[in-house]
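Taking it in order: structure first as structure tokens, then the write-up.
All chains are identified by letter, namely A, B, C and D, in their written order; residue positions are counted from 1 within each chain.
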Amino acid sequence: MAKMMSLQAAIAEYVRDGDSVALEGFTHLIPFAAGQEIIRQGRKDLTLIRMTPDLIYDQMIGMGCASKLVFSWGGNPGVGSLHRLRDAVENGWPRPLEIEEHSHAAMANAYDAGAAGLPFAVFRGYIGNHLPKVTSTIKFIDCPFTGERLAAVPALRPDVAIVHAQKADRAGNVLFEGIVGVQKQACLAARRAAIVTVEEIVDTLDAGPNAVVLPNWVVTAVAKVPGGAYPSYAHGYYQRDNSSYKQWDAISRDRDSFLAWMQEHVIQGPTDTAAGANHGVA
Amino acid sequence: MAKMMSLQAAIAEYVRDGDSVALEGFTHLIPFAAGQEIIRQGRKDLTLIRMTPDLIYDQMIGMGCASKLVFSWGGNPGVGSLHRLRDAVENGWPRPLEIEEHSHAAMANAYDAGAAGLPFAVFRGYIGNHLPKVTSTIKFIDCPFTGERLAAVPALRPDVAIVHAQKADRAGNVLFEGIVGVQKQACLAARRAAIVTVEEIVDTLDAGPNAVVLPNWVVTAVAKVPGGAYPSYAHGYYQRDNSSYKQWDAISRDRDSFLAWMQEHVIQGPTDTAAGANHGVA
Amino acid sequence: MASLEYTADEMMTIAASRALWNGAVCFVGIGLPSAAANLARLTHAPDVVLIYESGTIGAKPDVLPLSIGDGELCETATTTVSVPEMFRYWLQGGRIDVGFLGTAQLDRYANINTTVIGDYAQPKVRLPGGGGAPEIATSAKEIFITVRHSRRVFVEKMDFITSMGHGDGSPRDTRGGMVGRGPTRVITDLCVLEPDPETRELVVTALHPGTTREQVQEQTGWPIRFAGQLATTEPPTRDELEVLRDLHARTRKAHAGQS
Amino acid sequence: MASLEYTADEMMTIAASRALWNGAVCFVGIGLPSAAANLARLTHAPDVVLIYESGTIGAKPDVLPLSIGDGELCETATTTVSVPEMFRYWLQGGRIDVGFLGTAQLDRYANINTTVIGDYAQPKVRLPGGGGAPEIATSAKEIFITVRHSRRVFVEKMDFITSMGHGDGSPRDTRGGMVGRGPTRVITDLCVLEPDPETRELVVTALHPGTTREQVQEQTGWPIRFAGQLATTEPPTRDELEVLRDLHARTRKAHAGQS
């Protein structure tokens, strides 16, 4: 049953050094505040799982939280590279980063299989490209009825899934709206804990009968963090701050300017309950 | 792109003798009017696919439309047997009925695979029971990563899917709400046509961003049939007529009383646009 | 205090309801299991989570549904998902504490038949089939079965196994924890049965008040065993009976009113 | 009528937009493909269906999205589905007429590299990776690619194939119609290229106005072939240019305004 906790307490209790952790949110509802709290708490040796690493994983990788990254597209959307990710892959700074690289279709199917309690996912993919040469978890199986050769990947089952949502009710039921990505799948696939930060806690979710809702008994912890997805966005609350994404390119290009920015904005920066506050969105 | 048609015209154009046809709707939004129109038009040799055959397939089977039934639970919910289905299986009346029997999990996964364009579905099922002995389409495969033995069934790809929904907009986009069953999957799995009857045609669907919507370009035909799910129900429009379900037991127990009822209520009965009218729901 | 009058069916439903604990996540079969699960929710287990295979999660119906997908279930649910999602993410995903099933027949190992009596190809009686039960029986962490006790139901040998109980009594292949423990309790209108921890054969562990061993044997198609420490079921409390009768009365009124 | 002034980028986007027909279902990559697809929607193809991998189906954005999942896409869409559903039911389901992709590199068979330059384990340049493209490239019925023409992009030999074009030129294994025809058109700021029907090597089939064969060869890393019937692209119309410039102006204003 979902516990109402501070973000600080939830990360302290559920995220351990060496864990595999999936912070999901496909361009929308990216759990920035939670990722930054993990940085502040100094977690190490994490296997970070995420389809689109985005700025938050650039920050976590650059601050040395990760020893491995499982991903399918690692760029700054519409802007260019994730420089900290590249520096880790190309130069091992601040530490070597093992990568397990997939396509979106593979990861989406692997989360789906994880949520469904299956050991693997089957899909029509990885045809004619070189990803199976470099990623050892890609296999192929034959359809037992038609003989068609199809791709197979192991289910994704992170130790901990962390997502951001619009709201939870007081019982801890959670509502996602808009671009819902793989957040529900990631939470259902998690082995130990599903942590959800939300814009607000409400008396009633006011959701349609088929809205994307996680019942409280599959949620481990709910933390109220207004602006917790900033500078990504929360449909119905605030817009994506595209200029922050553009500015990140210059900030992150250089190790020193990156470290200085992190020191100012994250390490000395806002604590959980005011995550978006100094960005003017809370 | 969805064509707006009468139900009569849609059935005449898209449903052919010998087709495999899935009329879906899991206890809710069962497309009774469409099934009865198929009876009126005298279709023969259909392979009828449906998880829960319900009264509408009892009627179609009893009127001789079907040569095969693919199903996973064939009863009158909360009441007892489907007597026409039993008479066909036990006595071959009015004609022999081949059956392909599955579990719900198998059929739900098979529709899902059909919608996903996969040739087969994998799931953890058919463990320790006798269904694989009597249903030749059940196979088992091994997970290429863990070695676990899992069940496999071929994707369901009916020639035609027929469903009932609450509303369509004037462009033919369709909204389902409430217990949504496998209707979306059945429509997306259909090879030739997806036919949707709706309670009403509206200017705008007024649906949430993640509501269960079929875009008009995956819908073949939309027919306005208020009450088209009666005596099942349409969430937000009318309730399930439980007494009709109970009365069906006596009507259908005997071949003559069944035929007389069908003659009065279906053959001479309401045409498509007034399906629910004489049941007091239109 | 004068002793309460109640029927054997009422005792069965009440005994079955007591097996559910508060907070249990229960995949509910229609009929007797649904009555028991809702009675539990309305008495000692207000936070039991009721899941119906139609996709409704956390249903809190005011009246008992006639079908697995009455509108009442969706209207009162926390959320309603598609049927493929229900079977994939929620049942197969290993999230169900208790699968609560009824049956047409069962054998000494609590295997279930709801498919056919006689030969499959030339049936004597064609039953509705498996529905959700074949995978509920293996994916839920444990299974409760509730059924009226009779020789037609408790049979020596079944023609067909629709949903596995304890098979032939061999230990279960749990496939890495993703396959559950199987039937742990059978609640009838006469008694409560549990599998022997060694042999997995059903053993009567409690008789309902007033039931004799002979009555149970009379209604069972094989030589039934009784536990060494045979308990007597606590009779219904006034509150249990009142809530159950109110529920049935509301249900009758609601279903009659829809025509 | 005086001839219109326009840039090579504008010509590219406009030429790319013309490749889409009204009613086409287009899976849209971010950047150049998104600009072309939205220009098509705002000009000759109002009923083109734009699908972004974030799950938005039938998006009609007023400004160009910076990411694949800007709020604008969801707000204007017919519906928004989960990402697993997008890749399973909509892309793999065979419902996409055109996959519209960009790339970092491509070779003469229109294979795409967006993963790495140099050795995979010791990369010279680490690119973002495949994202949706590896399966868009094979599941969409056909693929359009739009990219600026340069020797850095049009390379003789690629270190990595992220998304298959025409492989080594062998006929495609279409797996019962569920694998598409692959790249049928590449639109650059210089020209339009199409695969030779026999060898599947890219051949220049149209030059944009003012472009010479020499310029194309200069910017291509292999000896490029030209079609026997080499066409000249129709220059932008006044309407196309105006709509495109308005779209870019609205986009600049919108993105600047969010800080």
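Points to keep in mind about this one:
Convention: a contact is a pair of C-beta atoms (placed from the backbone, for glycine too) under 8 Å apart; a residue touches a chain by one contact, two chains touch by 3 or more.
Please read these numbers as outputs of a predicted model, since none were measured by experiment.
Of all chains in the assembly, those touching chain B and also chain D are A.
In terms of C-beta pairs in contact, the better-connected of the chain pairs A-C and A-D is A-D.
Averaging C-alpha coordinates per chain places the centre of chain C 57 Å away from that of chain D. Centroid to centroid, with C-alpha atoms defining each point, chain A and chain C lie 40 Å apart.
Centre-to-centre separation between chain B and chain C, using Cα means, comes to 28 Å. Residues of chain C found to touch two or more other chains are 74-75, 80, 88, 92, 139, 176, 178. Residue positions of chain B with contacts to 2 or more other chains are 112, 116-118, 123-124, 146, 148, 178, 180, 185, 207, 209-212, 235. Chain-to-chain contact here is organised irregularly, matching neither a line nor a ring nor a star, and falling short of all pairs touching. Pairs of chains in mutual contact: A-B, A-C, A-D, B-C, B-D.
The touching residues of chain A, counted against chain C in their complex, run 1, 115-119, 173, 185, 188, 207, 209-211, 213, 215, 217-218.
Residue ranges on chain B touching chain C, taken from their complex, read 26-28, 51-52, 71-75, 77-79, 81-82, 85-86, 89-90, 101-105, 108-109, 111-112, 123-131, 134, 146, 148, 178-182, 184-185, 212, 233, 235, 239-245. Contacts from chain D toward chain A in the complex involve residues 30-31, 53-56, 65-71, 73-75, 80-84, 86-88, 91-92, 111, 115, 120, 123, 125-135, 137-139, 160-164, 167, 173, 175-176, 178-179, 255-256, 258-259. Of all residues in chain D, those touching chain B in their complex are 23, 25, 49, 57-58, 74-75, 77-81, 88-89, 92-95, 139, 178.
By the touch criterion stated above, chain A contacts chain B in their complex at residues 116-120, 122-124, 137, 139-141, 143-146, 148, 150, 152, 154, 176-178, 180, 207-212, 235.
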